[in-house]
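Going by the order they are written in, the chains are A, B, C and D; count residues from 1 in each one.
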Amino acid sequence: MLKKSLIALATGLALSTAAFAQDKIDIVFIGKNTGNPYFDSLTKGFVEACEKIACNFEFVAPATAEATSQIPFIEAQIQRGVDVIAISPNSPDALNQVFDAARAKGIIVMTVNGDITGNESHRDLTILPTDFTKVGADQVEMVGSLIGYDGEIAILSATTEAPDQNFWIKGMSEAIKDPKYAKMKLVATVYGDDQPEKSTTEMEALLSNYPDLKGVIAPTTVGVAAAAQVVQSRGIADKVKVTGLGLPSEMRDFVKDGTVEAFQLWSPYNEGWLAAHLAVDLKAGKAKNEVGSTFEVPNLGTITINEGNSINTQSSLTTFNAENIDQFDF
Amino acid sequence: MNIVRSILVRRETGIAVMIVLLCLAVGLYKPQFLTLNQLRVILLLVPLIMIVAMGQMLVLVARHVDLSVGSMLGLSAMLAGMMFRDMPYIPWPVGFVVAIGAGALLGLLNGALVTVFKLPAIIVTLGTLNLYRGLTFIVSDARQVDRQFVPSALKSMSQTSPIFGIPWIIFMALGIVLLAWWFTRHTIVGRQIFALGSNPSAAELRGVKVNQITLLVFTISGALSGLAGIMYASRWGFVNPSNTGAGFEFQVIAAVVIGGVSINGGVGTVPGVMLGVLLLGCVAAALPLLGIPGTAQGAIYGAIILVALLIDRSVRQQGIASLKMVRA
Amino acid sequence: MSTTGAPTTPAAAMHEAAPARPVWHVALVRPETMTLVLLIVAIIVASYLSPYFLDIGYILRSFTLSAEFALVALVLTMVIIAGEIDLSPASNMALSACLFAWAQASGIPMPIAIAIGLLAGLAMGALNAFMVIALQLPSIIVTIGTLTLYRGLAQIIAGDKSIRVPDWFIGIDKVMVLGIPVPVVIFIVAALVLGLILAGTIFGRQIYQIGTNEVAARYAGIRTRRIKLTLFLLIGLVSAVAGMMTASRLGSVRYDLGLGGELQMVLMAMLGGTYIFGGRGTILGTFLAAWLLVVVSTGMTVANLLPAIQLTVLGVLLIVAIIATNFIYSRTQR
Amino acid sequence: MSDSDVPLISARGISKSFAGVSVLRDVDLDLNKGEIHALLGENGAGKSTFAKILAGVHRPTRGTLSLNGQSVEIPNPLAAQRLGITLIHQEPISFPDLSVAENLVLGRGEDGWFNRVPWAEMTREARRQMDQLGVAIDVTRPMRGLSIADQQMVEIGRALASDSRLIIMDEPTAPLTPREVETLFGIARRLRDEGRTIIFISHRLEEVRALCDRVTIFRDGNKISTDPIDSLNDADIIRLMIGRPLKEYMHKHNASIGEVALEVEGLTLPGRFQDISFKVRRGEIVGLGGLVGAGRTEVACAIFGIQPAERGVVRVNGAPVDIRQPHDAIAHGLAFVPEDRAVSGIFRTLSVEQNITAAVPGKIAPRGFIRRAIEKLLAADSVKKLRIRLASVRQPIGELSGGNQQKAILARWLLADPNILILDEPTRGIDIGVKAEFYDIIGELAEQGRAILLISSELPELLALCDRILVMAEGRLTAEIPRAEATQEKVMQAAVPRIQQQAAA
């Protein structure tokens, strides 16, 4: 009797350790490219989540953010047999084939921080940092409050075809029709291709071409820093207000010296944190990838899967200014 | 009469005329192009290219080419940036020593591979272009050095100076130009670089130390890339392992070749290269003003390189014809 | 003056010609041997680095990702043997694929769109050839210029959006012949055909002769310009084909298709023992080197090594390959 | 220390071989201070090699040099320069992109890389040098575009500027006008009177006689004799240079001369040659003589389509032909063995058989695919016929000696079975024994009814082999001399343009 129970215990132990090992799922996050500071914070979310829950995490990324450069990395993850691929896609459509191959192997493919717009059927779900439909309006309100709702404004964007930025810009041009902004005029939208040099020359050209410009929205981290630098170097911070989406780590100096009063973003950390929890819950069957279903994430509360299998980590943008910027460490 | 003629046929005159015509044409359409502010924009746009172009010119004159300048710029900027971030107790001017020293070492390695193994520079530097970029990722652990870590004193060098508020970086580029001019015109070794590029076998016969000079030009190119690297940190306020200096080689080579430096070696002047860089700067500043999308820029650089090659060829051809006549 | 040079003293006769090298020396002391050895070493190291590596299906799948470059590298080998170089094929791939995709997206029937793409590839080869052959400009600088130009034009045509291709055109890499993906099959067949041409025909023979000594080739009645023109046109055309293969694999076309591919192509040729100054090299060498490169990069990727290490390894490989090739050739030639 | 009796340079047992081929054997020679010393000999006799050893361009395989009685090493040209030895090259070496003044001073061994370039002083000195030489060259202009005579003057100026003790002039007068030659001689005499030593290498006996004090004759890499110039007459010198009577040395073929195979009329390429007309018949060997740079090679290249002429007609077997490239020429039955074997003849790293079959792709690859068996057969056959000495037809041609390489190139063209054969300096740089073989072969080829145009700078070769000798000077045909009337003097006279002009005037 005793002997039997001992054996049972032993096998039970063995089984449970084996089960435990199996429970630890493998998550890999594929960034747009290495050396992109944005992903440092996002990756941190993954890492810290996986210290608490049952997952192994790895971060890989190609050297350049070119459309096809992520393909070999996805192929390699398929070969390694990971459970979940989280990815910030470099192309809205070049990855379709390899996503399909991954999903055929039972791997969950989730896009993080950006979606493959128009090809949503090739991924399982997407985690977006905020409700993208509200970004445009928020940004217009932000610049409006900075310039007293009066004057010419312009947009300095990333590339001409950047899907997220274009979606937000559409939102901005819709929002500005509100009577509240009647005295504001959107005079130009230019593209700095997310390169500091090009963004700078485009910003300089904006200032030359529109001498009465009052505000600039740069909904891209490279653009907003470049625009701020131009304003700082020309010493016209009181005349032209720069705002947009920026990383606190890159904007801190500009906020402190008064070049930029306020700008917005969300928490990349929370994207990683949420993605890791969701991945584990999905694999464990605790959550279902269905529109309308909900699940719990520590610190973030109850999260709902929205239309198009998309999830937002926060409902609206966080605004950073001189008072709060030192509370953020990314 | 003769002096007028000789000025007229000079390459520098041609580029200067092109710059003036370009500015006038753009100015007619967009008067704001012809303002002091725009001059400031252009002058702030070119210093990095200017500094690296002076080194590239020496390499080309010596009948080589250095494709790795962008990667050397990136790696030396990264080393200086990491020093700023991880060792804030070291006085920031030491960053110049680090960046220039690192660049010089990398350039020396290029030169050593070219001279010791007798390899074509274009292949060697194509290899080190990737090698140095990879090393940048490795040393930085693929992390950017953020704006807050770059000393503000360094950053302010790109914004102002006590002299009419003209940023230091412009004076620095001008200083390098003057130094390069003095070096190429007035030092023995400067002239020997031209002799080497003009006729390598004759240079050897005349006792020119070909290997040492080859090492020297690559080292200078590396050192100047290093200087441009730390000035990148000053100008843009951050150092990124993948972006900093990427693709720089094409701009630099385009500027140098359009400035009249022959890819066959032996020919080139510092004023010509300076004007070539300025012309490129004018083009880069004019494009957004005219509303031409940035996507056209690659094609424009490519076309500029090819046109400069054709000009170089037609200038050379007369010379070659006269040489062939006496040879054979 | 009795010492007046008697012409053929025994000592002099010995200097008439160096003795021939033994057969094993000729057969084994060549760069292709180095490539093969490196390939075997790479496979062993990669299997050691990651247990997931050694799977023929995976290696073949990974090869399809480089198959387009490898295909062009075969022709590039011939161009380099002829004493020229072409750095523009990767940009050519992008521009011809963009033109093709743009044409079919604007309603032009597929066959004509394909023809437009291929003709564009030929035209780009012809422009390179014109500048190199007719204007006598150095090919390395010319093609650095066209490398920038062609990609720039692709960017002007396509902006930075991607253009989709029809569904039936997608997925060439998923079609298998005898369990081998079609791009790999195309590469192997092309290697066989080009290998035969280079080693067994007068055309191939004359490519070596031009690369060894262009002046002598001209004096011997070899139509050097025509052969070089053929090679530049061929690499233009093959680049266009490679561009379309890439389009089929990705399902869409963007201006940055094949970005940076020129390095991989040059690397394949160099690693295969093609002599950078022309006159030496084989298709076999490039064939082996293509596999070597795929094994190296796949091995590192599947082991989740930093891509930075890959860049470094590629750069080092390139330099080591030329040094080794130069060394081997200097040993086999007195 | 009055050491005017000690020779400036004493060479003892100087030997030199290149890749195992000995080109200079045990040369002993003393050069005195204040003398102009002529080095004479046929092409390849070793005189230029000896001069280059003195100038540090080559290092001797064996032997010692002493300067002023003290043993010296001259490892490189710079060392020679420092010892006061300057070599003026046959073809001036210059830096086309640098100014004349810079060309004058460069290589003087300036110390200190970062020393200032003394532009003003340099220009002044350069002007002075050019004035001394009596030439009007703007010293601030670039070298590119200067005539070869002016370049030569700059070279001479350089030797003067560097204050050399020993100045070696390797055929300096070839491109000069008579007035320039006179100026040069005047300068040379003045330098001698200042106590300097000059080595003068020339083919022109009258110049040697006019200028030099002593003469040393080289033949086949050996020093034959050193004598005061006055103790030798021209016949002696030629005998010493050639070594044995001409008739023994070469023999005349006895081919029957047939119809005109190649006819050239009014061939002109501006800047190279003007209005060249001549005929070559079947079975005839026509020589084309003249000085280096007279335009002979250019005419041959034009006929063969390498650089076609702008005006004029070429007829093959009576019919005008349009030859735009060598391929066309071969199709019309022409063949051309070029002058510079290494540059335009051999494929150095490729096998001997590939080299031999290079011009007849149709024969080895009837359908485009190479038939190895045929190729090997053809190559082996040629090797046997021309007695090419090698280890294997598969070995790289670069491993063969110069003479055997040249035979392989000839074999290449014989495989094409040409009716018209143009040979440009076919025996240059070839051992004397192999030379004789070549002469036999050329004779045989004529006997087979082929038309042969032989370009040669070696007068005895032309005189012995040719049925007619055409002479070119400065791009024009200046004489056509039948075999019976041909002498060295006549050919030489036609070859030196100014003498010709003066005679005509």
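Brief remarks follow.
Methods note: a contact is a pair of C-beta atoms (placed from the backbone, for glycine too) under 8 Å apart; a residue touches a chain by one contact, two chains touch by 3 or more.
Computed from a prediction, not measured in an experiment: that's the story for all the values here.
Common neighbours of chain B and chain D under the contact rule above are C. Between chain A and chain D, the least number of touching-chain steps is 2. When the C-beta contacts at A-C and at B-C are tallied, the pair with the greater total is B-C. Ranked by separation of Cα centres from chain B, the top chain is D. Each chain gets one centre point, the mean of its Cα atoms, and the points for chain A and chain C are 39 Å apart.
The distance from the centre of chain B to the centre of chain C, each centre being the mean of the chain's C-alpha atoms, comes to 31 Å. Here the spacing of chain A and chain B, counted between their Cα centres, is 37 Å. In whole angstrom, the spacing between the mean C-alpha positions of chain C and chain D is 43. Chain contacts: chain B has residues 133, 137, 142, 241, 293, 295, 297 touching two or more partner chains.
Residues of chain D found to touch two or more other chains are absent.
Annotation for chain C: residues touching 2 or more other chains are 159-160, 306-308, 310-311.
According to the touch criterion at the top of this document, the contacting chain pairs are A-B, A-C, B-C, B-D, C-D. By the touch rule above, chain B contacts chain D in their complex via residues 185-192, 194-195, 197-199, 201-203, 205-208, 266-267, 318-319, 321-323, 325-328. Across the interface of their complex, chain C is touched by residues 19-22, 25-26, 219-222, 224-225, 243, 304, 306, 325-327, 329-330, 336, 338, 343-350, 354, 358-359, 361, 364-365, 368-370, 389-392, 394-396, 398-401, 403-404, 412, 431-434, 436 of chain D. Residue ranges of chain A in contact with chain C, taken from their complex: 28, 34, 58, 60-64, 66-68, 71-73, 75-76, 79-81, 91-94, 96-97, 159-162, 193.
The touching residues of chain C, when paired with chain B in their complex, are 131, 135-138, 140-142, 144-153, 155-156, 159-160, 255, 263, 266, 270, 276-277, 306-316, 318-319, 322-323, 326. Contacts from chain A toward chain B in the complex involve residues 33-37, 40, 61, 63-64, 160, 190-193, 195-198, 200-202, 204-205, 208-209, 211, 225, 229, 232-234, 249-253.
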